[in-house]
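The chains carry the letters A, B, C, D and E, assigned in the order they are written, with residues numbered from 1 in each.
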Amino acid sequence: MTGRPGLDQLGLGPGKQTRLHRILFQHGLRNGTALFLPYDQGLEHGPRDFADNPESGDPRYVLQLAVEGGFNGIVLEVGLAEKFFWEYAGEVPLVLKLNGKTDIPPDDQALSSLHATVEDAVRLGADAVGYTLYVGSPAYDRDFATLRSVRADAQRLGIPLVVWSYPRGSAVVAKGGTDSFYEVDYAARTAAEVGADVVKVNFPHPAKQDHVPPQYQGRIDDQQAIDAVVRSAGRTLLLVSGGSRAGDEAMLEKARMSMEAGATGLIFGRNVWQREHDESMRFVARLRDVLEKHPSG
Amino acid sequence: MTGRPGLDQLGLGPGKQTRLHRILFQHGLRNGTALFLPYDQGLEHGPRDFADNPESGDPRYVLQLAVEGGFNGIVLEVGLAEKFFWEYAGEVPLVLKLNGKTDIPPDDQALSSLHATVEDAVRLGADAVGYTLYVGSPAYDRDFATLRSVRADAQRLGIPLVVWSYPRGSAVVAKGGTDSFYEVDYAARTAAEVGADVVKVNFPHPAKQDHVPPQYQGRIDDQQAIDAVVRSAGRTLLLVSGGSRAGDEAMLEKARMSMEAGATGLIFGRNVWQREHDESMRFVARLRDVLEKHPSG
Amino acid sequence: MTGRPGLDQLGLGPGKQTRLHRILFQHGLRNGTALFLPYDQGLEHGPRDFADNPESGDPRYVLQLAVEGGFNGIVLEVGLAEKFFWEYAGEVPLVLKLNGKTDIPPDDQALSSLHATVEDAVRLGADAVGYTLYVGSPAYDRDFATLRSVRADAQRLGIPLVVWSYPRGSAVVAKGGTDSFYEVDYAARTAAEVGADVVKVNFPHPAKQDHVPPQYQGRIDDQQAIDAVVRSAGRTLLLVSGGSRAGDEAMLEKARMSMEAGATGLIFGRNVWQREHDESMRFVARLRDVLEKHPSG
Amino acid sequence: MTGRPGLDQLGLGPGKQTRLHRILFQHGLRNGTALFLPYDQGLEHGPRDFADNPESGDPRYVLQLAVEGGFNGIVLEVGLAEKFFWEYAGEVPLVLKLNGKTDIPPDDQALSSLHATVEDAVRLGADAVGYTLYVGSPAYDRDFATLRSVRADAQRLGIPLVVWSYPRGSAVVAKGGTDSFYEVDYAARTAAEVGADVVKVNFPHPAKQDHVPPQYQGRIDDQQAIDAVVRSAGRTLLLVSGGSRAGDEAMLEKARMSMEAGATGLIFGRNVWQREHDESMRFVARLRDVLEKHPSG
Amino acid sequence: MTGRPGLDQLGLGPGKQTRLHRILFQHGLRNGTALFLPYDQGLEHGPRDFADNPESGDPRYVLQLAVEGGFNGIVLEVGLAEKFFWEYAGEVPLVLKLNGKTDIPPDDQALSSLHATVEDAVRLGADAVGYTLYVGSPAYDRDFATLRSVRADAQRLGIPLVVWSYPRGSAVVAKGGTDSFYEVDYAARTAAEVGADVVKVNFPHPAKQDHVPPQYQGRIDDQQAIDAVVRSAGRTLLLVSGGSRAGDEAMLEKARMSMEAGATGLIFGRNVWQREHDESMRFVARLRDVLEKHPSG
């Protein structure tokens, strides 16, 4: 979309600009859009996510997919990054996911734990760091404190900061739910206010209106919702998440609406590597078609 | 008001004096009064606050308002300050708001989380820092601990410290409520005792007398209440907050009473940028008229 | 009292000796006794404490009282110390109160929050620091941890440490109450064990015997109680607090018994500045008469 | 198993490679497999574990067993390592167990406490450090935070990190239980994701299927389960724990299945030192037979 | 007992050896045994402990007792050590007790708070530091964390670490109780595992068998119990505590059994200084007779 700001208009220092330029213009379609392959589900959900396509449990398989599919980046937790990324260094940018948790304990006080630092990312040759922020969780103060420290390190070292901005916890469930338009919109803005360079959100569901503020009630269609979320993010580049696996046409339609709204790109994991290899490559090709139609200026 | 102390009588070091002088005498009306434009509501309330005037969701629009309206300062969280302030550097002073929270979780243990440091403020060219203190909250110990560290950094670096001093939490609700005269007066004094250079309070409501101490019971009018609050702040300069949008005449009357009491200025956000552009400029002009009548000596 | 140890018998380093000598022998009656004026009630109780004598809300008024009344020291929180003490520097010693809290939240887990450091005290020219320890509170571990750090800084920098040793919290209420002889005696000893140079206690009430240990049961008169408390403090100098305002003769009698027991002095705030100016000076003169009769050797 | 990666394919630095090489190829069978003797049960369970064979309460006896039995390493907490290991330095590698707890308090919020640092391990001449991670515990955030710091130190100092990855706590009990295939598989992956070089797991029980995800339901035999767990660990070397004492043939069968699945080795404590000396040596000989049949390439 | 290891067989560095040698061979009976006088009860129980013998409230009296009675060390908290020990420097070794608490709040989450550091001990000329560990308390993680830091400092500075290893808290009460053989044995081992040089325990009560593990059930006499506890401590020297005041013959019998078991010494406070002066000296003489019969080799 023509509305996307140039990298030199974001108030970024040279390190962040260099790395975002590498990700957006020297990998993938090289047109300022991005397609990321997240692979931290072994921690977030456990190995059960690999059951549909057992090969996907092997990080080498997924790294290979990222290279073959022409992704703009692969997302790994520190353990896998240490032991597997070195074989693919230079072939695909690494986004080091700094925090994460298992889904075993209940989620009402959701908090994602730090496993690595921005300095680890520098050491491992990553081009960005990822951080999950649970917006609205009763544990927000510890979450924000960790994010502040990560943001400061990222600023100091010139590493772009990607925030997975997810509404979560008991209060969120009580006001619209984790993927309601209200909560997703608030989450996008929160990430922008606290200093994310890139924000990852789920696609908003405007029909989820239980106990949301009046401004989010009434007839709102999907395109209006994602437009608003992109506006709330402002100069924070926005990525839309694929989430759990769903029908192809529905996924592609959401991708089109997101890019039309001004999103910078997509971040699809399970929708990619839970498919058999060739089918996943065909799906990726269709996602790339969408991105190709929305280059940055 | 003649009762306002000069900047050289406040025991401040040269850095704080320089920056307060810039804010109070080199911007706005240049008469020692101040009109601030706060813009952290995207974090505090979410994008719903921008629904009345959708343009207000764009930080550029609000920064432009601050310059056009001749404000003495704009208040931003670190994310927006990083990505948007550079375009307006030098045109309006920046107050970097260091902490904040969403309004999703319940408020009974209210605590505002730190997102940036005083050093961030220096790096970004801010002339002051802002900190929200939830006076009376059961989480006060963590709050005071963070404020102490911010105060020490501000003292060391010569940056004026503006404390948003807000009674909040279950015990406050049980004793008068968040904007009762009793609680606002206590909040003003608390900020002064713990080292604020400037304190922002809500206008006190002397009629709210449920479970307040006897000293706050009986017939007290609004002017008496705001007079007392200014006295409690002592040599801590006092700003009165606009709060949620209300009728013009009521707002202006509170502004007049505040300045009459010896307040240094006003800090009005939603009452300004939730209006359509030209209407907001007309309202700002009326606020400036009030300030013009109460110069500092 | 002849039993009071000399400053050179307390195992103190030269910095602490110098400053205690200045307080005890170069101000006030210059006879080794002390009369302190505490003025942190604006934080501890709020501005309601100033209602009886509205002038007392102005720190300049109270500082002036301290000078006129020949006090050995005035006690201020950091905010008032920063903005007001510079005008009186050299005229009356400053005790910088390092912690404090409001009385809005409930007291069962009492904990006083740190607002300043021993280094702030040095920077501000204070001759001692004050710290409130809530003996017996369920929050004792955080309290002791902060006190340990303050004690270490005070030791390193040679600043005398005055501990407000107050029994407080749910367990104290269940065993005698906050001003029972049992609890006050334990509090005095606790301060001595953990390293106070001076301890401030409330006057003990031996008649409060509900659920106290057998050693504190039976007929014990006030003089026996305060004698025991002074003994428990050992080489930690002891100050008796005035507490809330009470009848003159009762106050003076407690002052006499305290000095007779070997206390070093008195610390009276509300009993002084809640009176009208001339009446307060007359009351102070009577307190000085008591101190004059109990010089240190 | 041929599938085991070489030490030079794990992305390790020279310090970790050197020490793992020493453990795997310069002690024990010197064929890339490992047999460890853990001796931290005096802390984890108390001296009651020594009742069957009272000599085992003496660390010298157990260190002697480790040397005689040709173990690849002995695991000690810091206290015993300090006072006893020096006599056996060079004869058997030391794995310094960094954390631990007693089994006196309830386990629903399980958290193992740190007792020593990676620097202690270096000072004591250890070749690896051990850390217990309670996967799924509600206390996970403090656990992960400590592990992150240990991992960073181990990375900096080149010391291999062995993670005891144990599902534990109320949520684990509710989903399959601590040794269900689902939980053990998740625990193995979690250790790999967060940066373990070696992971110790309990042998998985695929029949425990109460409230486990659908992917872990249905007919799964033991060999399939341990195969999957080894795959989930990826390039993190896997050790299978003996657990509490059990029948010899059952133990040996589990050992065989583990090595067949690609485990690097076994870690048997109580099954060894709770037996009388000569019987324990005979049992160790049978374990070594199993390891001999599964050398690393 | 001949079984006691020599100081050069404990894996200690020269600083710890020097100081333990001074305590064990240059004071008291100079035969490798030890008799310590603890005097932290003013903090742990309050001044009520001094009621039987009021002179004992004065630290000078107790220090004098330690010198006269030929004790191997006196145990003081930092406050008393600072103000009183300098007069007796060189005459009796000082064990600086680093932590402590009052007995006012309930004990179910027992945690002893740190009041001083190992560096304070060095500065004050102490020959050892003392630390109370509440084994089995639900607050164990904070306890172990503090102990770890103390142990590291003691190791670095060469100061012997004496651990008061006390089972305490709700879970302990539910399993045998604080002085059951099971809990005392576990506590001795825990101190050894986490790095104590010397451990102080209460004399075990083998008859307390409610809910203890089967290994601690059945007929066990006192001598068997204390023998086991000394074995569990291994190379950690063991001191047996006197506890609250009891009959002389019972106390002496426990002392004899302890020394027979291989304990290094005794630590008796209230049993000593709660007696009238001359009576206490006679009791000490009888304790010395016991120690004299059990020299170290």
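Just so it is clear, a contact is a pair of C-beta atoms (placed from the backbone, for glycine too) under 8 Å apart; a residue touches a chain by one contact, two chains touch by 3 or more.
Fair warning: this is a prediction, and the values are worked out from it, not measured in the lab.
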Query - Both-way neighbours, i.e. chains that touch chain D and touch chain C - result: E
Query raised in the report: Per the centroid of Cα atoms for each chain, what is the distance between chain B and chain D, given in Å?
Result: 57
Report task. Averaging only over C-alpha atoms, locate the centres of chain D and chain E and give their separation in whole Å. Result -> 35
Report task. Could you list which residues of chain A touch at least two other chains? Result -> none
**Report entry** Category of the chain touch graph - line, ring, star, complete, other
**Finding:** ring
Query raised in the report: Order of chains around the ring, counting from chain A in the direction of chain B?
Result: A, B, C, E, D
Query - Contact footprint of chain C on chain B as seen in their complex - result: 10-11, 135-138, 140-141, 144-145, 147-148, 151-152, 155, 167, 169, 171-172, 175, 182-183, 185-186, 189-196, 213, 215-216, 228, 231-232, 234-236
Report summary line: Touching chain C in the complex, chain E uses residues 40, 42-43, 46-48, 51, 57-59, 77-80, 82-86, 100-102, 104-106, 111, 113-117, 120, 142
